Each structure stands twice: as C-alpha cells, then as structure tokens.
Amino acid sequence: MISVGIVGGTGYTGAELLRVLAAHPGARVQAVTSRTEAGKSLAGLYPHLSCLGELEFVAPDSSELKQCECVFFAAPNGTAMHQVPELIEAGVKVIDLAADFRIKDATVWEHWYKQEHACPQLLASAIYGLPEVHREKIRKARLIANPGCYPTAVILAVLPLLEQGLCGDGPLIADAKSGVSGAGRGARVPTLFSEAGENFKAYNVRAHRHWPEITQELQGIREAPVSLTFTPHLVPMVRGIFATVYASEVDRSADLDALYRQRYSEEPFVEVLQGDALPETKHVRGSNSCRISVQRPNDGEVVVVLSVIDNLVKGAAGQAVQNMNLMFGLDETSGLMQAGLFP
Amino acid sequence: MISVGIVGGTGYTGAELLRVLAAHPGARVQAVTSRTEAGKSLAGLYPHLSCLGELEFVAPDSSELKQCECVFFAAPNGTAMHQVPELIEAGVKVIDLAADFRIKDATVWEHWYKQEHACPQLLASAIYGLPEVHREKIRKARLIANPGCYPTAVILAVLPLLEQGLCGDGPLIADAKSGVSGAGRGARVPTLFSEAGENFKAYNVRAHRHWPEITQELQGIREAPVSLTFTPHLVPMVRGIFATVYASEVDRSADLDALYRQRYSEEPFVEVLQGDALPETKHVRGSNSCRISVQRPNDGEVVVVLSVIDNLVKGAAGQAVQNMNLMFGLDETSGLMQAGLFP
Amino acid sequence: MISVGIVGGTGYTGAELLRVLAAHPGARVQAVTSRTEAGKSLAGLYPHLSCLGELEFVAPDSSELKQCECVFFAAPNGTAMHQVPELIEAGVKVIDLAADFRIKDATVWEHWYKQEHACPQLLASAIYGLPEVHREKIRKARLIANPGCYPTAVILAVLPLLEQGLCGDGPLIADAKSGVSGAGRGARVPTLFSEAGENFKAYNVRAHRHWPEITQELQGIREAPVSLTFTPHLVPMVRGIFATVYASEVDRSADLDALYRQRYSEEPFVEVLQGDALPETKHVRGSNSCRISVQRPNDGEVVVVLSVIDNLVKGAAGQAVQNMNLMFGLDETSGLMQAGLFP
Amino acid sequence: MISVGIVGGTGYTGAELLRVLAAHPGARVQAVTSRTEAGKSLAGLYPHLSCLGELEFVAPDSSELKQCECVFFAAPNGTAMHQVPELIEAGVKVIDLAADFRIKDATVWEHWYKQEHACPQLLASAIYGLPEVHREKIRKARLIANPGCYPTAVILAVLPLLEQGLCGDGPLIADAKSGVSGAGRGARVPTLFSEAGENFKAYNVRAHRHWPEITQELQGIREAPVSLTFTPHLVPMVRGIFATVYASEVDRSADLDALYRQRYSEEPFVEVLQGDALPETKHVRGSNSCRISVQRPNDGEVVVVLSVIDNLVKGAAGQAVQNMNLMFGLDETSGLMQAGLFP
C-alpha cells in the first residue's frame, strides 16, 4: 500500500486525485494539505468524497509529507519547485501536476512563467510524464512533470505521424477546446456561469503557456523543428478537451488508420476509432481514456486528427496516477479502469 | 458470481446499470437485449462502456435470459409484465426498473398506465424495492418493483416524519425537480438541447404517474391517508433530482435534526446534513447517495425537507443493484461505493 | 426625451437597463456611473451594447446625475439611500432597483439588511413599483422602490386569490427558482460555471431577504396576516425565475381560470395561460412579460399557481422602465414590446 | 410597408424571421405557412412571439404567398426550388434561407444535396446574399440565395485577405463551431439535451455541404483556386457560430489590423476588434453583428482570424432581412439594430 500525500487538495485537480485514489487498491491517501482549509474535513468541502471518510486537510508545511512514499503537487505553478528538493532528498517520489518541471530550459520557463526557477538543477532529471512516450523513463523516475491537459490531447493526436516522419515542415495547427474546469476553482468573472454559459470564445491566442510545452515535446519526438500554431478555446461544459489538429503534406501513400491502430494497440488508455467514427468529449468524461480519429476531409491535402480526453483525468489526475503506478511497479491501469459517466 | 441479464440496454437506465455492474465484484453481465441494436456491440453505442469488452446486444426473446440468476428490466412500462411470469417460474429473480409492479391495486395501475395489466396475480408478492423501508422483504423477494426516481427522493425525505406520526392531516407538498435524462433517450422536441437548455418549466402538473406511487407508499408508512400534492419540474441539467417537501403542523417539540440523524444512522446510502448545510444535486452525481436536510424557515410553522439523488443511480440503476445485493445475500453496498463525479 | 442617469452600470441589472433604454423612443441615457470603470467605454465592457455608441462610464459622484430627469440606481443595497435625498430635493425622479426603499418599517429593514437606514424619512413616500398593484401611486411618485425579482413573480402569482379573499389562513408556500444571473456579476465560487452548471440547489432556506418584502406586500393586498414559506433555488440557466406557489383551502366554487383572466385582462405584461398550458422561463427570456397558469392537481385541495418572468427584465430593468413610463406620463409599454429571444 | 410571406414558419429560422420582422418598421408579415401547424396560432407554438398578435399558420400552398411582395423560404433544402419560379413570375421577390440557389453549378449542387435540381435555369440570376460582398447585385436581385451560417462567418473572416491577394496557395483551414440550434428543431437523439449537453464533438468532418459553398465564394473573391479544409463542431450552447480560420504564407509586411478596419469601416454589421481583444459568441447573441479579430500567434508564420455571429441572425434570419432591406431600397439596417441579449 503506497502512502500518498497531496499538496493543494482544494482545487479541482486535487479533488480529482482524491476521487481517483479513493478507488485505487494499492494506494492510501495519508495527508492532504491546504493553506485555507487546514483542520477542516475533506467531505465538508467536497461532499462527493465522503466515501474517503474522516480525512482532514493539514497545513502545507506538514512534516507528514516526508513520511509519504509518493507526493502529488496539485498546487499553483511555482509551488512545487520550492518543496521538491527536500522531498526528493528524503527519498519521496514526486509527481508535479503543475508546470514547474515541464520545460527543460530554465530560461524558457522563466520567460513564460514570469518568475525565477527555484531548482533548475532538477530539470534534467525530471521526466515528462506522458507514458505513451516516456514509459520506461517514468518507471525509474523520482520526479515527474505531469503533462498539461492541452499537451496531452495534442501530443497523442500527432505522435504516430511525427514518429514516422510523415509530416512536412509546414505549420502544424492545433485548434483546441477546453471545458471550464480547466480554468480552476478560482473565482473570476470570465468563468462565472452567467459569462461562460451559452458562450464560446478563444483566449490567449497570441501566446499560451502550453505552446512551448507542446513544441518542446513534438520536437523531441520528431527530432527536428516543429512549427506549431496553438489556439485554445473555452467551451460551455465543465469537463473535457477536444483537440483538432491539422497537418499538411502528409504522405498520401500512408495508411493512417493502420498506423494509428498499430501505434496504440498496446496502449491501455488510447483508443483509435475506425472509419468515420469521431470522438466526443462526453465519451471519456470521468475516465482516463484518450479517443482519437484520423481523417482526410474531401480526400484533400490536409490530414485532420481529432482527439478527446477528460482534462481532469487523462489531462491531470488520472495521468498522474498512471505515472505513480509505473513508478511503483504496479499494474499501469490500477485504479484507472472505471467507466466514464454518460450521459 | 451472479449471472445477470438486462432487458432494454439501450436506454439511459440500461446503460447506467451496465456502468454500475461493470464495477461490481460479484456480478457478471451475461446478456443485454435490445430490439433495435441486436447484434451490435455495446461499446459502439456507448463508448464509455468500452471497459465491458466485447459484449453485444441480443434480441429480446433471447433464451439466455432464463439462464441468468437475476434479470433487470430497463424497458418501457408494460414490457416486464409480459415476460416476468415465465422468468419467475424458471427460478430467475427479477428487478423491474419500470412501473409494472409498483402499484398494488391493478385497477389503479390500469387507470394511470392506460393498459390492461398482464399479470395482476404477481402484484401481491412483488416488493417495492426501497431498502430503507422494505429491506427485510427485499432479501426474500423474487420480484422487485424498483421505485421511481421522484418517489425515491420524496419518500426518503419524509419517512422519519411519517413513521413518527409527526405530520398533521394537512396537505403534504412535494415540489420536485429533475434533470433531463429522466425523460429518457427518446427523441422528442421538448427535450432537445435548444428547447430544454436555458429553460425551466413544470410539467404534468395536473397528474403525474408518480403521484399514486408516492401516495401509496406514504400511506403505508403513515398507516393513514396522506394528502399529497406533487409537482414535477424539468431542470436544464442532465442528472439529478431535487425534492423540496413541505409539511405543516409538525410538532414543534420534536428535534428533527436528531430524529433524521438517528433514523438514517445505519443507512449506507442516506446522509443527513447538519445545521444549515443544504444538499446539491451535483454532490451525488454518479453516486448512489441520497443527501437530506431538514429546515424550519424563519422558525415558522412549516417544515421543509430537501433531498437529492442522482435519478439514474439511487433513482434507478444503483438502487436496483442495491436490491440485487440484498436478494442474493451480498454486502448491500457491493459495487456501489464509487465516489460521484464533481465538478 | 427624458434624460436618464444610471448609478452602477457595470452589473447585470445596469447593463440590462441600458439594453432596454437603447430601444426606448422617449428616453436618452445621459450618464452611467461606475466606481471601477469610470472613463472607460461602455461598449468595451459590454460589446452587446455597442449600438449605444460612444457612451463612457463616469465617476459615481458625478454632478451630471442631478441634471437628469430620472435616475435609476442599479447599485448594491445600501447605496441609493445615501444619494437619493439630494436628488429628490433637486427635483430628480428616482427608481431604486435595489432594496433600500422596499420595506416600509426601517427597523425591519435594518434587521434584514444589517445596516442603519440612511433616510428612513423617505420610506413612507416611496412607492413599491409593481404597476399591477400600485399603478396610480406610481404615476405620482417621486421615488420608486423597484420590486425584487422573486417578489414580482410570487406576488403576481397570488394577487387575484388574495384580492378576492380566496385563500384561507393556512400557510402559503412559494417554491421559487432563479437563473444564476440573479446572483449578480460578482466573482464567487458558488456561481462559477463548474459549480453552478449541471447542479440544482436551494439556498438561504432558513431566511431570505425577499421573504419580508413579499410578506409585507401580500399582507397589504390581503389586508390580513399572511403566513408565507419561501424557498429560493438556483437553476443552471442564466436568466429566468419560476415560482410555484401553493395555496390550500381555496374555495372550490371559484372559477380560477376566469378570475385570473379577468384580473389581468388589461395588464400589458401579464399573460394568463388557459387550460393545462404551463409557463416556461424561456418563453419570457428577454421580454417584460409574466406568464401565469393556475392549476388544481388531481382535483385536490391545493391550488398551484405557476408564474415565470425574466429576472433581469420584469424582475428588474424592464419593470423599472415600466415605472419610468408611468411616472413620466408615457405609454406604459413604451420601449418594452420587444419579443423575447427563443430558442 | 412591404407585405411579407414566410414559407416554413415552425423551424427556428422561421421563428427568428418572425422575431426580427416584428420589430421592423417597414415590413408586415402577411402569411406564414406550415404543413403541420396550419390553422393554429403562432403564439401557441412560439409564446415569445405573442407580440405578433393573432397571426395563424396557413397551409403551404396558400395563394396568399403570391400576393406578398417578398417571400422568405425558411423551409428544408429542396423546397424553395419547386415554388420559386411561379412566385418570381408573379413578380414576388424571393429570399431562400435554405441551400437551393447557393451553388452556381447544378451538377455540384445535385452531388451534395442528393436530388435533382428543379429549376437550374434560375441559378445564374440568383444572387448570393452576402451584402459585404455582393451589395449592389443584391439591390437589383429578384432571387436571393441567403448564405449558410458557417459560410457567413468564414467568408467574412478572410474576405480582406483574399481580396488583397495576401494568402498563398497553401491550405486555408476553417475550424468552425456552432451552437445546437443550427441543427434545427427536428427531434433527433444527438441533439437531445442529455447527449449534446456537457459534450463537444466534431461532425461531418470528411464532407459537409457548406464546404463547396464556402469554396465557391472564396474562389470568386480570390479569382483563383482556394484549398479549403473545413471542420464543423457542435458546442453545448443554443446560439452562436465561432470560426477560427488559419492562413499561412501571409505577407508579413501587411498591417492586418488596418486592412481589416478599413475594409469593414463602412459595414454596419461587421466590427473589427483592436489589439488583443477577441470575439465571443455571446456578444452577438440575438444581434445581426459579426465581430472579427486578426491575430498572428507568437509572431509566427500563421495568421489566425476569429469571427463570431449568431447563427440564427447574421447566419440566417437577420441577414435575410438585411437582404430584403437592400432589395426594397430601405435603410440596410432597418429593424436590425436591436442590442443583443447578454448575459
């Protein structure tokens, strides 16, 4: 039984971690920290977690974290980097669901996140926790940078094309759409029901922090530069990410359906749809699945890949637990096979 | 391992049964029938159930049903009554999620359901499957009439008051609100997204089929007549029932908080909220819980009880599995302890 | 052309006033104040109002207000009472859309609004701006207390019953449901899309500030005490109020359909539905209408009245303009006959 | 006063035409036909249109249509082409909101719409009713092919680029998202609230009928071939279209902000946003506006144009009335300046 600590259990990502771990046969939540809710019961803030029993939030500096075998950071960007070195030294394995360890180049990170990095020396050994790409490294890692939600959906969409060198040098376009829970539980006017409901908009079109993250990973996979245009949009739904990725100059002789099917045939959490079947976010709501379809509209020159995940599961907490399973030698799917919730 | 059959697996109730049973350690789905989808794969229609593997729909007259130990009917009203006698005779235990066996008086049933009852002789032995009221009878039953969604929420709201004789003879008012999935998966204009979205309305105000069902059960509990007014409303959300029940002339000396807490202290799926905490449908979405709060507004003469369930779980499929657990001597909570999905 | 000032133009009520006035042939918005947005363009904050041209917010202490003929307060409770005496003295007619002048008894007001009243001397002459009840007084008023959204829906629902003395002394129950815009534009966690979406809940069940307001008015109409139970709920939609009001002991010999039809036959903004037709909030979205249906379920002892309004129009800005029309001798419907937006 | 007839008044487009025309000072609805609702009152089906008074639906073959000066077809594809020749001959001006006259090449039309064209001889003289492109021809037209909703949003997004020859020969990508009302009022499972709510999906990715329509118009504007990839998606909201259009190889020396501002400076219904301001569908809900923003993300090689309309207004009924205004020499904005509905 892995003893687990969670830093920042009051946001949606933290709550989702707790939900996933509640059903996990091989892990037990030992400590959940919260700056604002310390001393209060978890089920008071999140009644859907009453199945977790009498668990209470503890203060963030709790020494209990060091006694855990695995600590998840579900805290804002710039939090984990201050606590991770001490935990790693104490032999704790760490999975950061925020962005502190996702960008390999500290200068790039500091440019995008507008702050100095507190432990750049750990960036080299931190592993980007996308099992479909880095599975073997994850097994041996002590520190995981859990991927962003958009990057997960976009990278899985084009991974087979880039690995096979099937994309040209032209622009790769990722038109991505997210449910509102991706914006977190902070109270802001744009995510009020009256503003975000019955509305669709784009945001951060000129520059979004997931752009350098996706670019870094795609270039690693392609082993060559990638010219990515990434446009995030906000959908009036709570959960789900939908990525529509456009690649041009893809070799017409390639059997893309077969390529995708084969690439992901052993992957427990990636489903490749056949023929003209298309993914929908609701089909993966509450589950750790990514569903993907490859199409060539009007038999034209552009290939369109459509991919869906639940931003809080495969895009955050579920993937984090998948990484934990790998790091601790458990079955990779342990605790993650629940059916989604439909309708 | 109980072998289970499901009649009518294409509606939302059937799909939800499959979702709940997929996580059940002591039951295995053997056969799922569908008039329209026979021969097709379940995961094709319901991709969120791909965890169930290669299961296919079979035709409704399938002899496989008789080889099951437990058959659920998730079919329209008036379906089960034609097949149940044969199954019962073959030793199969039956749980009907529709209304065929809920009303004890065949004449009343025929009035409300506008058709002749096909097996009135079974009505006497059919047990109304609300475990909080009829647990011991359910354990021994061969045929369960699984309660309607509204009745479940309303009866649990007032059960302690009626058992203790705390209500006067004045009218009991149940103002109930349901998510749109309660209307089923049939394609009709009023439940289109463009009609039901951003809208709130009442329906069937003059007469709704759940009125005689609730009245019958409340009178049985009170052992005296009950004058019920029941108003159903449609909420622009997918899942959830919220019942606001008003009782007047309730003895002011009674400690209602304590009464409710005590009455439900041993119930695994009823949570009584304390003080001014109030239930929300989203707190039980996807779970088998019923959450209840008792209030006396402005310290006045009217007591208000607020109760929430997920109409597809505690209001249908979850409760049906709870009944199955009781009928087969399993732990009552088996397969039903998953946390709900929030947000 | 009436010159109009608006105090607090950045909230939803202020924005809706601007929308309604933009289509008004006899009024022109002269000044819109905002503490936070002074100097900024209106269309920048509210692009849907770009038809209003180059209007800019001005600071709240603007002397321009005194030069207006009519000033609307769309500011938080406790704002208007500090500015109204000076405006009244300057000959400006005032319509307060907040609660400062709704409660006749200053002590009661102070109890519910938790602050001292700044000008109790004006309470006696302030008119409760529900034209269907106080039309003649409104015509002559200098100060209007514009009714709350819930009170408008509830009072119109039972007005004919109370006027005719058809209700007994038993409890009157108003189960009311509101869209999320009723909570305003302030950023708070409970009204975030991810919290309020796909959710239904009650709030302020023990005590809500609209309870003394409704009670005061109903007692004035009945000329006798009224025992009201009022339960507000939050609906996952942006606009709309639905009130389900239950009255018992209503004389069975009364022809309620005829009574309601007759009472409201001359009212331009109240529509009485016939037979079993029921109102829906979406049918009045964006319009100043109130739609009402009277029903006696199962021909029982309880009468149910269902009433719908748009909380921002007939429940706030539209009714305020209706009052302005009356105060300035214009056609009561001027600027208010736009069709609603459906779907 | 133009006398207007509407064929097919029961769908959302027909209802929206009625709403827009109700506020039009220079037109009066004379006849509204409906196959299914003939003889019934309009306000019965659409209570929000009760302001239109006692209007009733008439049968589709009504001779009243010929006595109108302008007839709108808001009927399914393939309806207008059977009635238009007779009306044109009778001197009636016709605006078809369906697709019968949008495609110039009858063979292409028959391929995409799977039926024989009933009056190919009228295709040459039918004018594509996008005033921003074909204003002068519209003024003189007898028959207008009112543009599809997606084409309106996409064409307006790239019109300035194509007119100035700023796009290269590379693929133009239009990732478009629509509210559910675009699917019409027909009862089908995929547009049920429980299916489309809390869901995001793409549809008709391989081929959509708006693709040849957009391609035809863009090629006409560019006077050269255009390689378009068009992907439609369904958003869980009722109204609104959002088009995100990607163009590569756009000359870096061009000042796109200035170009767009200038191109649309005289257009009453196109607003070009400045700087990093981005459009949102809710800002145009219920209005005839199109709001557009041009961006170059990360200062890269791809230009992104974002454009929003209300699919039922500028994407259908509003644009149709704009065309009518032009055809009859009225002020182009007549009846179309209502503010949208926000929130």
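Observations on the model:
We just call them A, B, C and D in the order they show up, numbering each chain from 1.
Everything that follows uses one rule, which is that contacts are C-beta pairs under 8 Å (C-beta built on N, C-alpha and C of every residue); 3 or more make two chains touch, one makes a residue touch a chain.
Quick caveat: nothing in here was measured; it's all calculated off a predicted structure.
Of the two interfaces, C-D and B-C, the higher number of touching C-beta pairs belongs to B-C. Ranked by how far their CA centres sit from the centre of chain B, the chains are topped by D.
Centre-to-centre separation of chain A and chain C, using mean CA positions: 46 Å. Centres computed as Cα averages put chain C at a distance of 36 Å from chain D. Centroid to centroid, with C-alpha atoms defining each point, chain B and chain C lie 39 Å apart.
For chain B, residues touching at least two other chains, in rising order: 12, 181, 194-195, 197-198, 236-239, 280, 282, 285, 343. Within the complex formed with chain D, the residues of chain A that make contact are 170-171, 173, 175, 177, 179, 194-195, 197-203, 205-207, 211, 227, 229-231, 233, 235-240, 242, 244, 246, 248, 276, 278-282, 285, 293, 295-298, 300-302, 304, 306, 308, 343. Interface residues of chain D, counted against chain C in their complex, comprise 12, 15, 19, 22-23, 46-52, 181, 197-198, 238-239, 271, 280, 282-287, 289, 291, 337-343. Here chain D touches chain B in the complex through residues 12, 179-181, 183, 185, 187-189, 191-198, 236-238, going by the rule given at the top.
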